[in-house]
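Working notes, beginning with the structure itself.
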Amino acid sequence: MTHAIVLVQAERTALADLGGQLAEIPGVAEAYSVTGEWDFAAILRLREQDDLAHVVTERLSRLPGIVKTQTMVAFEVYSRHDLEALFSVGE
Amino acid sequence: MTHAIVLVQAERTALADLGGQLAEIPGVAEAYSVTGEWDFAAILRLREQDDLAHVVTERLSRLPGIVKTQTMVAFEVYSRHDLEALFSVGE
Amino acid sequence: MTHAIVLVQAERTALADLGGQLAEIPGVAEAYSVTGEWDFAAILRLREQDDLAHVVTERLSRLPGIVKTQTMVAFEVYSRHDLEALFSVGE
Amino acid sequence: MTHAIVLVQAERTALADLGGQLAEIPGVAEAYSVTGEWDFAAILRLREQDDLAHVVTERLSRLPGIVKTQTMVAFEVYSRHDLEALFSVGE
Amino acid sequence: MTHAIVLVQAERTALADLGGQLAEIPGVAEAYSVTGEWDFAAILRLREQDDLAHVVTERLSRLPGIVKTQTMVAFEVYSRHDLEALFSVGE
Amino acid sequence: MTHAIVLVQAERTALADLGGQLAEIPGVAEAYSVTGEWDFAAILRLREQDDLAHVVTERLSRLPGIVKTQTMVAFEVYSRHDLEALFSVGE
Amino acid sequence: MTHAIVLVQAERTALADLGGQLAEIPGVAEAYSVTGEWDFAAILRLREQDDLAHVVTERLSRLPGIVKTQTMVAFEVYSRHDLEALFSVGE
Amino acid sequence: MTHAIVLVQAERTALADLGGQLAEIPGVAEAYSVTGEWDFAAILRLREQDDLAHVVTERLSRLPGIVKTQTMVAFEVYSRHDLEALFSVGE
Amino acid sequence: MTHAIVLVQAERTALADLGGQLAEIPGVAEAYSVTGEWDFAAILRLREQDDLAHVVTERLSRLPGIVKTQTMVAFEVYSRHDLEALFSVGE
Amino acid sequence: MTHAIVLVQAERTALADLGGQLAEIPGVAEAYSVTGEWDFAAILRLREQDDLAHVVTERLSRLPGIVKTQTMVAFEVYSRHDLEALFSVGE
């Protein structure tokens, strides 16, 4: 499983709906509206690394109202949870 | 449940062990070593908002080798998963 | 009580009225026009943490003339005053 | 009354005690440990503008463990509360 | 006397006239076009601190062609000159 | 007359004395401790442009406790005051 | 052989096609869509240093949809591969 | 094949040798000393994505003299060359 | 002789012609298109310091296609060449 | 001829001597102490592009007291002067 966090800056007019739209993209496990410099953070969990390009550059970055995105790909994942099991439930 | 993402900049010498140490802190569901300006990202899931102060300022920020942290607290959480159920399994 | 400070950058044309508009939003205890990089700072005091999302993303960020906001949520509050008592007077 | 907000960046080792120390300085009405780039935010309320120099440059900036401060002075204050009355109680 | 320095970033088209317009605002003692990141610096000298808000937010910031301003208020003033005397001559 | 503004960042330990030391340097007409990212601003007024190098690189930048300086030289000066006359009194 | 890396920031609408367009410019050996602050990175390998100006300022920077570019020219190249041989195959 | 570019900031004393040391790390195809804000850029070509974590966090980031690194992982690779063939020659 | 370097950021559409236009301004000895964050660097050599204001604010900054300029004035000039002689040839 | 500008940030203690030391390096035609964020700017004129690596990474960057350098290489040079002739006199 490939994990990544995408930070998103949005136009003021897109703030209300963008969170929901982000979470509907297959591969986006969770999306938060957040405090700080960025407006949203999306947590991606993908079966194949190759899906990352598609989700980020073809789906996520093109949502209307997005001004800027910055993707952080996880080199290594540390967790007491078995994330693969947790997130493949009902995948 | 309160969700937050803490971005961490670390000293070179701390890179090898800090990921595991972050994930061992109660309240840290996952920690990643990541690409980009930051060295690690920790995803926090807390039953009570008041735990946030304790986890960030008293546990996380004081791990040896941490240079700088930046916390993004989730205003709203959007997800097709029932995160509360998923992450209270075996909590 | 949840406390937060929201820093606001505004369009030149909005400078005259934005201070008053910020202070009229329920949950905004005080708003200042300020020196430095930001144009305004709003101090939020909210009974419920969940109100924070509503006040920031649905009310405050959508005021006309706002270019950028940055929210700092208080982990811990230190004060010789009993802020809860002070600010629930006439709430 | 003069109002100001001082943003503070602190050494990791000072995080535990600095909040309380800030709030003990006469003129500091409240201090928060906060999310985001800064570690603390102090809200100053001063009877005389001249006190500002003393509080910031002679008291606050010299607390051990402070790395950097940035002061935002309020040009104008907008509030439904009578802040002067509220904060001179027991001053 | 309250002293302040306001740094100004201007649109290219406003460069020719903005210096003179800044200096004509009561309270602006001097204005310079300057080298470096900013285009102009205005030095304010005001009898009353309360005038600061009016000069900066109601007069100066609204001059056509201004993109961004950053105000630095003087906490303390050090000078071998008696600035009050110098600048109240013919005030 | 050549005019310039030098912005100064100082070590915490130098905050108390640096303002006075700046103002004692011949050519420095005024020095302020200021709000915002910088700690001090010095206003230079020099009879000869060539003095600028000496004042900034040989006198000012070498005061103990200075971390960083940024000099803005005035291209043009706009003022209702006759600054040359004002500042050559008792020079 | 002259080597250089050009970092590219693009408009959202150009993300889909710009990678391919970059790789078609003679002198661009490879182009990646990348994680982080930039959207693309192009690796240039040029027989003559003089070609660099033409490729960057006349071809690359003028592709529609480019917002900003930043070129890093290689002073020295370290590699276990014989890059000249590798990349002149079929040039 | 996974491609990535790692930007490196180095201590002055490490400038002479770091280029060669970077290029000796298995997985680093090329390293350049470069113009601009960064001191070196390393181009990584890895058979398995999982090797990325090892090369960056366990080998590259721990070379003596490295101050800061920033990794850009390639989502998609565009090239007229068959990079896999080129770079697996003699791998 | 007064020396200065003016860094220039330009609109994409102005890249082709701006170099030549910069070099035609009396007082601009040389102009380069450059690698890095800026697009051009102009080297100014002026007989009188007062010419600097005219060249920068009235001629250079108003060339069409210029987005931002940043002027660095030389305090002192160090050179094995007699620059005054070199550059007054045919002035 | 290859032209480049190297911007230099120096330790306070190196300000007095670094200008002269820069100008003594073969290939450095001129060095200025400058206003603004940087302390010095060196203008390089080199017969061979390959000399650039040697001058910047092996000579210039290793002068004691240098904190950071940023090199801007000229893609194209625009000038009414015949710079090659001017600067090869007495080379």
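Per-chain numbering from 1; labels A, B, C, D, E, F, G, H, I and J assigned in written order.
Methods note: contacts are C-beta pairs under 8 Å (C-beta built on N, C-alpha and C of every residue); 3 or more make two chains touch, one makes a residue touch a chain.
Since the model is a prediction, treat every value here as computed from it, not as a measurement.
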**Message:** Moving step by step between touching chains, how few steps can get you from chain F to chain I?
**Reply:** 1
**Request:** Could you figure out which pair among D-F, E-J or F-I mirrors the C-E interface, over half of its contact pairs being identical by residue number?
**Result:** D-F
**Message:** As a quick test, compute the distance in whole Å between the mean CA positions of chain C and chain F.
**Reply:** 37
**Complete:** Per the C-alpha means, the centres of chain F and chain J lie apart by a whole-Å value of 28
**Prompt:** How far is the middle of chain A from the middle of chain B, if each middle is the mean of its Cα atoms, in Å?
**Reply:** 16
**Complete:** Two or more other chains are touched by the chain I residues 33, 35-37, 53, 56-57, 70-73, 75-76
**Prompt:** So which chains end up touching which?
**Reply:** A-B, A-C, A-D, A-G, A-H, B-C, B-D, B-G, B-H, C-D, C-E, C-F, D-E, D-F, E-F, E-I, E-J, F-I, F-J, G-H, G-I, G-J, H-I, H-J, I-J
**Request:** Over in the complex, which chain E residues touch chain I? Could you list them?
**Result:** 12, 15-16, 33, 35-37
**Fill in**
In the complex, the residues of chain H that touch chain A are 2, 49, 52-53, 56-57, 73, 75-76
**Request:** In the complex, go through chain C and note every residue touching chain D.
**Result:** 3, 5, 19-20, 22-24, 29-36, 38, 41, 43, 70-81, 83, 86-87, 89-90
**Asked** What residues of chain E sit close enough to touch chain C in their complex?
**Response** 4, 53, 57-58, 61-62, 66, 70-73
